[in-house]
Amino acid sequence: MHPQRCYTLSASCPDRVGIVARVATFIADNRGWILETSHHADADTARYFMRIEIRADSLAFDLGELRRRFRPIAEEFRMDWRITDSAVKKRVVVLVSQQEHCLYDLLARWQSKELDVEIPCVISNHETFRGFVEWHGIPFHHVPVTAESKAQSCAEVIRLFEEARGDVMVLARYMQILPAEMCEKYPGRIVNIHHSFLPSFVGARPYHQAYLRGVKLIGATCHYVTPELDAGPIIEQDIVRIDHGDSVEDLVRYGKDIEKAVLARGLRYHIEDRVLLNGNRTVVFR
Amino acid sequence: MHPQRCYTLSASCPDRVGIVARVATFIADNRGWILETSHHADADTARYFMRIEIRADSLAFDLGELRRRFRPIAEEFRMDWRITDSAVKKRVVVLVSQQEHCLYDLLARWQSKELDVEIPCVISNHETFRGFVEWHGIPFHHVPVTAESKAQSCAEVIRLFEEARGDVMVLARYMQILPAEMCEKYPGRIVNIHHSFLPSFVGARPYHQAYLRGVKLIGATCHYVTPELDAGPIIEQDIVRIDHGDSVEDLVRYGKDIEKAVLARGLRYHIEDRVLLNGNRTVVFR
Amino acid sequence: MHPQRCYTLSASCPDRVGIVARVATFIADNRGWILETSHHADADTARYFMRIEIRADSLAFDLGELRRRFRPIAEEFRMDWRITDSAVKKRVVVLVSQQEHCLYDLLARWQSKELDVEIPCVISNHETFRGFVEWHGIPFHHVPVTAESKAQSCAEVIRLFEEARGDVMVLARYMQILPAEMCEKYPGRIVNIHHSFLPSFVGARPYHQAYLRGVKLIGATCHYVTPELDAGPIIEQDIVRIDHGDSVEDLVRYGKDIEKAVLARGLRYHIEDRVLLNGNRTVVFR
Amino acid sequence: MHPQRCYTLSASCPDRVGIVARVATFIADNRGWILETSHHADADTARYFMRIEIRADSLAFDLGELRRRFRPIAEEFRMDWRITDSAVKKRVVVLVSQQEHCLYDLLARWQSKELDVEIPCVISNHETFRGFVEWHGIPFHHVPVTAESKAQSCAEVIRLFEEARGDVMVLARYMQILPAEMCEKYPGRIVNIHHSFLPSFVGARPYHQAYLRGVKLIGATCHYVTPELDAGPIIEQDIVRIDHGDSVEDLVRYGKDIEKAVLARGLRYHIEDRVLLNGNRTVVFR
């Protein structure tokens, strides 16, 4: 993301001759200065993906007018499209449980403005991090979850997310499976970090599964949440080498470093509108 | 592996007090000079693993005598054990199909003596690499495989392997599933390279599976062959990063680089007696 | 690189509004189907870089006509530009000394058409690989180099390169320093693999230097050759982890795997016109 | 490190026959249960290095008695040696400046007991993190540094370190060059994180240097501080891939993730007595 204020157009549409020409000519005709541009033509789905950053001060009008002027082109090419303004910070609601690593990591990035977002609140099923979160001046909501209260707890999380006008919900090792209705309510807006290299070791205790299988590398996966467990579109993955001397506890420890790094990268791509959905796969314009 | 001629003791046994003391004292009493030593106590299985390289010229007797003298200790501690002589090259029989990358890579290492083994022959179900292999002065056997001839072909491969007095059989992208009897006949002696990061994408067309799942890294796995497909003990793994711009063909291309590197490392560990079996897992003393 | 025949336009020019619009409109007006497109605006140098692949069969005219029609645009924007045809294979002259790993690796890729180039000849200061190269049907030239004959040997290498109509000269561990005049004669056309992570360990015996410094990772660097030793624009780099147990010989062995992988990637980027020079740095559209 | 309380013997001495036998027999004779053992024979320096973890409850006596009994062996073999008790937490004094990433990372690990140490205080030349540190219940000392006050400030840091009975001083992006006398006062006890892949880019602004050189990977190095700037024994290093699209600011951002990971690993090795000095190189028993 460039330091200047910019508008980011991200779009996908059926591939055909002339898409770039039309969009780029539109921008040039309005004297728009392009900071960064990425394209991808997907041969399998015959779909075209693009992301363009335009310097805000190079245009003589505002975001609303930009959207209004661009709409006819988007309709002509049947685009899924969006234009965002880097001056409007995304609102990220963070859900945690009792593990500290992703939470500390996200708040460190937020504190230094490396992760340039608003965090309107943190929600947890435990009280563990109330003090730490509130010390940062961020509201903390304790929403306990039990087998019986599950539905009610989810409703409360949704209420808090809506109240906070959240753009994206981040499951920073939240350790709770969300009900299908909730996943479907926010497609492409709930980002999870799973502690394995998916599709290996879906579900519970992946480090234990990895240990038993005797793999030589373990990983972590940042993905969008969908109703099917750990099967949503993958945004980012990484791995770390282990060996026979490492216990399950060592795997958990190494894994934490990968988890927080992968989540931070994946969230950043999402926040900067670098992730476009292509069925159950993602285009990530890094 | 040290450049000097050495004897390598590798052993595992139930863990207890005094194993190292007894073995090390035995070596010291015989004036043995230890070049390299590795140990691992497995907390789960309560089993102890060790590998010790002793300079051959530091002992006043030969390999046969070393084994004879060591046997009582091995029996006392109920060891699975082996002592090998670095001057006796392992005999590696290579099986290939029609892909060149692992074969070229192995022969380059063999030619430069980096991989210090004998290759008594290469066996293939295609004639493709006869000229290349024979140019290196290595016998080439064409053993065609069809659905009907499968059992007969395997019998012929076994016959050639026995005739060549092979120590280890390397499936260098052989692309044929071996019958269970064959796997069971050579436990820990058939090394395969699978073109995925196991346990993800078992079986056929793993790059295609990886593409469809939208993973952001692909991998390769070197493992011992067991009757259950792609489920044997893992020796080595590695991965390479891909992105949305990569087609299945790109994955295949990147994958080849990982496959040959992982196979070469795994085979080297095996050849140098660095791999000890611990159930379906491996201890690899790198 | 796409399997279809394509024309690849690569260009750089001073950054300004309207470059993409103009180029893309030109392509669209000629019904050109864009397969892949990459852009980079360099904030420091205020220079714009682009690379566009156009399906050859989407244009109603040939390469010469494409170049003729594009020239006015290139001149208007003061572009450094080039349009190549994927059907015209690049001619790669390989220089080697006595190490086998890069040579085997390149010929394996060439043999399988993964590296889709012509290799009109291999030149070496030793006879070592004559048989291997000639077995592949590739002419082999032995050009001995001594301290006294250096200038004459270089002249002979240049003569052979010109005679072979080489597009690019690859120093596949050639182990000879080229005279400045030769480097200047072929700017951006001589690709070297240096066996360290530059700028660390310039010059001779980099693995020995790395061992003495006690680094925990070693690397390799693929770069264009310039008159200043190991200081040319870097195309690609990679590393491998080592530890205290590794001798200089182990470093050399691990290093070979990195060297051949990095050279193969760097050469591929060069061959596919993915590398654009930006002063002493490179833009690599992967 | 094993969850059970253990004594860790780490030692180096001139290599000769019988070291392992003598040490292991000593342990066995005292019924010591070995949890983990690592050895390294350095061919260049003819020196032997070892690290052995013994379960504390397997010995019938305490640490003082263990040291007393071991001393004659240590003297016979002329060992540099040390025996530590995992129940006695190391005291880590952290020095920071104005960057948050390493501090947040270390405190997260400390808070979860992953990094099982005491942090008696944090020292900084800025007030920036007073609140954050004190919220964790850790004393914070502000020791301003100016060109004139340098000597006096260092004296104050030393005083605070001594007062805190620090075992190790961690420069968590402290950004101040320590005077030679201070480095010499605590050999092998001051751990620094340098934001480049040493020996490349010594000194100030390494990311800027890396950007200008056009490298394709950037790194970080955890090392012991010695009087020569950024030239001390290296404990751990790692890298991350960058490309032409990354600005210096991007490099700084990516680098932070590597810095904190490398520092955490290096510090952990140090804390667990896994690092032994071998001249200006390290043996790291991971």
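The letters A, B, C and D name the chains in turn, as written, and every chain counts its residues from 1.
FYI, a contact is a pair of C-beta atoms (placed from the backbone, for glycine too) under 8 Å apart; a residue touches a chain by one contact, two chains touch by 3 or more.
A quick note: this is a predicted structure, and the numbers were derived from the prediction, not measured.
Centroid distances built from C-alpha atoms place C farthest away from subunit D.
Note on A-D: across the candidates A-C, B-C or B-D, the interface recurring with over half of the contact pairs conserved by residue number is B-C. Centre to centre, using the average C-alpha position, subunit B and subunit D are separated by 37 Å.
A straight line joining the Cα centres of subunit A and subunit B is 41 Å long.
Counting partners per residue, subunit D has 36, 43, 245 as the residues that reach two or more other chains.
The part of subunit B that touches subunit C in the complex is made up of residues 3, 36, 99-101, 104-105, 107-108, 111-112, 114, 131-132, 135, 245, 249, 253, 256-257, 261, 264.
Within the complex, the subunit A residues that touch subunit C are 2, 17-18, 20-22, 24-25, 27-29, 31-39, 41, 43, 58, 241. Per the touch definition, subunit A reaches subunit B in the complex via residues 40, 42-43, 49, 197-201, 212-217, 219, 233-239, 243-245, 247, 278, 280-284, 286.
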